[in-house]
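Order of writing sets the labels: A, B, C and D. Residues in every chain begin at 1.
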Amino acid sequence: MDAMEDMEVFTGSNPGLAPVCQVLGRGTLPGLKYRHLGKSGLKVSSIALGSLKSFSNDDSELNEEIVTLAFENGINFFDISEPFTSQKAEIELGRIIKKKGWSRRQFTVATKIYWDKTEDRALSRKEILESVKDSLENLQLDYIDLVIIHKNDSHCPLEEVVKAINFLITTGKILYWGTAKWSPVEIFESFSIARAMNCVTPLCEYAEYHPFHREKVELYMAELYNKVGLGLITWSPVSLGLVLGTSEEQTQLVTKLAFKSGKYKVGQDANGIHEGIHVASHTVKQLEMISERFGCTLSQLLVCWSLRNNTSQVVVVSASSLEQLTSQLSSLQLLSKMNSCLLEEMDRILGNKPTRQPMVSTLQQRWTATGGVPPQ
Amino acid sequence: MDAMEDMEVFTGSNPGLAPVCQVLGRGTLPGLKYRHLGKSGLKVSSIALGSLKSFSNDDSELNEEIVTLAFENGINFFDISEPFTSQKAEIELGRIIKKKGWSRRQFTVATKIYWDKTEDRALSRKEILESVKDSLENLQLDYIDLVIIHKNDSHCPLEEVVKAINFLITTGKILYWGTAKWSPVEIFESFSIARAMNCVTPLCEYAEYHPFHREKVELYMAELYNKVGLGLITWSPVSLGLVLGTSEEQTQLVTKLAFKSGKYKVGQDANGIHEGIHVASHTVKQLEMISERFGCTLSQLLVCWSLRNNTSQVVVVSASSLEQLTSQLSSLQLLSKMNSCLLEEMDRILGNKPTRQPMVSTLQQRWTATGGVPPQ
Amino acid sequence: MDAMEDMEVFTGSNPGLAPVCQVLGRGTLPGLKYRHLGKSGLKVSSIALGSLKSFSNDDSELNEEIVTLAFENGINFFDISEPFTSQKAEIELGRIIKKKGWSRRQFTVATKIYWDKTEDRALSRKEILESVKDSLENLQLDYIDLVIIHKNDSHCPLEEVVKAINFLITTGKILYWGTAKWSPVEIFESFSIARAMNCVTPLCEYAEYHPFHREKVELYMAELYNKVGLGLITWSPVSLGLVLGTSEEQTQLVTKLAFKSGKYKVGQDANGIHEGIHVASHTVKQLEMISERFGCTLSQLLVCWSLRNNTSQVVVVSASSLEQLTSQLSSLQLLSKMNSCLLEEMDRILGNKPTRQPMVSTLQQRWTATGGVPPQ
Amino acid sequence: MDAMEDMEVFTGSNPGLAPVCQVLGRGTLPGLKYRHLGKSGLKVSSIALGSLKSFSNDDSELNEEIVTLAFENGINFFDISEPFTSQKAEIELGRIIKKKGWSRRQFTVATKIYWDKTEDRALSRKEILESVKDSLENLQLDYIDLVIIHKNDSHCPLEEVVKAINFLITTGKILYWGTAKWSPVEIFESFSIARAMNCVTPLCEYAEYHPFHREKVELYMAELYNKVGLGLITWSPVSLGLVLGTSEEQTQLVTKLAFKSGKYKVGQDANGIHEGIHVASHTVKQLEMISERFGCTLSQLLVCWSLRNNTSQVVVVSASSLEQLTSQLSSLQLLSKMNSCLLEEMDRILGNKPTRQPMVSTLQQRWTATGGVPPQ
């Protein structure tokens, strides 16, 4: 709330977004908030720096500049985001943190257990232990703040997962744990098992979220927060920097994303597919017109759209240059414009606002089956 | 009880308090007792040496003399009392203990987690772990006897607090834990959660207590001791040495304390405030007359008044010179005079003896609402 | 299932088994599967290399070649199988693993607690701790994947066993635990106690299994898998290489095995025993005829017969030369022939297919006793 | 039982006890048994070597000879028995064990927490941790097999005791724990609390037992064994070697022991006391006559009398010379003579066989109060 008061809102009409200052001493970017992740004591910045493009390339000097720019703008959450580059990203992040000498309280590091990318493709007590051991060595840290289990493995009992994670917590190797790409029921079950076995419960789900992938986040995550205190970290191909480039490249990539979401695949034949792409393309063009109205890029608009979601405590962004990062962070300045009018306009354009069917009591269904007479 | 028997009571009429001997071998100050802290096996002296004035100044030789004087008079409880000087106090205390070579069984060290003074202002598993790690390094000890969580953070689930503390206990970093400035309900809830999760329950509350701040200690803490074995450590601006100085300075500062307590703020206008100060001043003068009767200072009277409370096992005192410490410790000699007559006299002067409203059954209130007829 | 699809089935008519290729890079033997051990996340190869003959002899170069051949054919499970040679086998296996530099994720090591072979002949918290400590030193590993308690000691409370094992798990010395030669009731009781005390439950039973020792595996283990997720590792004197030798030696040893199984001991007098051996010998000859039909040896047929059992996740084999190991592994090629026809034929020859009596309610028996009238 | 079969029973008539051979390789003394301590897996010899006289004197060579003689005769249980010499005894025992290089599996070490002899006279989490830390340093061992809490401290909650002990077990510092001089109700309560908190339950009580101190052992300990698996270790001033000396000294000291037991204090006046001593002296003389009948000393008879008790798994003996130890161990040879006839004869002489009053239902007492009519 105080962060809100400090926010320098952008008030001019369509002047384009002011560039993010490259602060030298540590400051806080206007609009950046610090929120408790789930119902826990851990406070993180509302934007996290993901590793996908940020610190996995070969230019170690650039990596350091990007991480430092983020840190000095108040971002205290670094997330290892992608399986294939995670080892390199961990090593780079570890190196930078060590060199910078930041206090351990000043940053939060999250990394993932990508068991589905190992030779065995099996989640197990062993995989959990070995994976975290590797990450700790790569990062050169005493402990990892948050370990995310990437996907649930239906062949590994949740009891084994929960106990292995708890072993890591009770030996001081990690502080918190979360999930990525788990269904609400899987999350709830793991919560329930952890409770029953007196183990630490999961802290957050890590979910994809953008205008063409909305259902899980908008329909189910608030319920999990309310019921079991589960936090939410969101990412999208857009916020991870995949569409950063020229205006035309952005449009093209977002159109692909829209089409792949399934909503615009109107037919099964070649003709239908073309038609679908046409519709998707039309939708994206309308979104572009909105971004032009605000003097920002399409991807800035979409990142801001994610940031405005109240259920998500953190949006992960990424960038492969200082300019890209600055551009991503600038999205925060649009936040004050994301009022209900604009959101409704975008929902009309997207036409995919998810809704949940009203719950019907199965008891009532039985009544209907017996001619509407309730059982005595 | 045996300590009571050993006590050399002061019997002369108004001769002033005999000075505390600066014992060379370790002895026990007459009147000093050793009590179990809460319903635990840990035995501590009824006076603790707090860090506020005692060992946070720049004169390391003086610090050592003060700590040694306390130790040699039988004080075995050292408490790090104040957020802004705690790091320095921990380092000083650690240095002195190491130099002196006292056996680990001979002293008890308590320190606090001042999460509300950190950059994030957030209590969390991480903050608890980092804070204790820092304290252990500062103190150069293998473990801390008692860690106090300064204030409850309503944003951090008690489950997280209890589990993080239990982690520290089961890894041997700390032995016991307690709270400071927590409400009785918060304490009871943390006790209940610790029990349910098979974790170590809180040992004591650390509360402010002096004639102008009585309610919590006198109305609620005995109940917590009886019900859940919770101990009580008390401190006051007086016992922490803030009013040590000339007789006039003492009077002036106690008057401020009295006025700030709210009871004497009789009006909202400028005139009213003056009137309040006048009344407070009158009260303090009456207390002074009592202290004169006993040949002691006002602050000695007030420290003794705290010591006479049976619910509190420990009173924390502090001093910035050997003379001040001696003066504080001399308060013990007044204890035998703190009979019910004197306490009633002081209560009449203070006019603020707290009472608890009789409990009314809400069931009874419903009856009243329905015309006094109990539900069938 | 995918392993099944990859399997190069043997299709020629009676051409003998193709030799196992000595792969240089690591490959997977056709027919070798990777299964979760019990209902856990741990995935192991369907054939384990046991230590009995494999790596307990004096030729350290040969030991290395055998272990390497197994590993390069995809076997990732090494099992210390026999009490009297276990120390030597552990030291050899440890040496080889270290020299080869295999990643810790690539292999699983199981060893046993042979308390019944110690001076005290007592299972206890102490014996469990000391035994695992010794094994870890011998193996030069940070942890053992699976520790098996060889036999239950009725004098040691299961609570003590479960807590000692859990201590090893929570200190990171072992990952999983199992049993060998425990009765289904003992296993179930230990599972139940582990659950009640929030400890890790047993993962698998290690049982003898061959055509003349079928009852426990075929009648009880599936139920334990279904009910409490218990896995099964099987071994037999045949798969441990005891009958490897000339065709005649095989016949002779299997006949002894058959006779010792009790089924063919038809009389008590000298004459009866001879008669029993005669019958056993006849049975084994019929099995030999089947193996000739498939162009394999008798012991290959028997190993394959064990492998075809769906309840067992792993069959432990052993060998004292590369040729013997190759021969054992070749059994996998027969698996596709183990159809229901062949199994029924073998069951007819063996005449010992175990069955479980239908459960009779003791309540019903009481009815019968009261003249068939159910109690009111 | 097998130990029983191996026992070389003494069959001659009154020839005196054959001397215990000073075995060079490790052997087992005839009559020495190995029993599980309580219902646990830990197996210990039926005689333990206590430290009181055995290895607390200044002659380190003699200490080593005594410990070695005990060990080579099959005694695998060394017990630190007495508060005032325990530190020295621990250091001596540790030194000898280290020098001898015995395997950790071959011996069991028990030591005690003598909180009642410390400055604070308080049992607490801290005292338990500090005491065991000291003992481990003295003994130069990685862990202590059995830690005994000497007396219960009614001011320290059993929850604190149980959790502190469990901390030591889960950090590998100790394996088992027991009590000394606790009442059956205190033991049962600690068992019950340990169960409820999922902690390790107490293993044994350490109790005084000789012909003049029988009640606790003979009336209550069997019940605790049956109900909660609690083991029993017994000692007496006799078995701890206090009466070793000339025949006359033995008689004199046992007479004192008898008199102090209270049973023979027939009057309160000076005359009465003399009378009591006379009666006690007469009793002891009758016991002496029995020992003469068997060609043994009085103290050998009494040690054997303790050994014959089936509830006690271990009798602690002590000695300050090889001859004394040999004499104590020789008592085992008398065991076969301890038949019911002899025990009844001794009970007649002692006249103090303890009995428990029949339990009376308090319900029945109420009936009586209401005129014998049961409540409806």
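Basically, a residue touches a chain if its C-beta (ideal position, glycine included) is under 8 Å from a C-beta of that chain, and two chains touch if they have at least 3 such contacts.
Every value quoted in this text rests on a predicted model; they were computed, and no experiment measured them.
Ranking every chain by how far its Cα centroid lies from the centroid of chain D, the top place goes to A. Look at the contact of chain A with chain C and you find different residues on each copy: under half of the numbers used there are shared.
Separating the centre of chain B from that of chain C, both taken as means of CA atoms, is a distance of 66 Å. The centroid of the Cα atoms in chain B and the matching centroid in chain D are 47 Å apart. Within chain D, the positions touching two or more other chains are listed as 170, 198. By the touch criterion given at the top, residues 118-120, 122-127, 129-130, 153, 155-157, 160-161, 163, 167, 170-171, 197-198 of chain C touch chain D in their complex.
Here chain D touches chain C in the complex through residues 34, 36, 39-43, 104-106, 108, 145, 169-170, 172, 175-176, 198, 200, 229, going by the rule given at the top.
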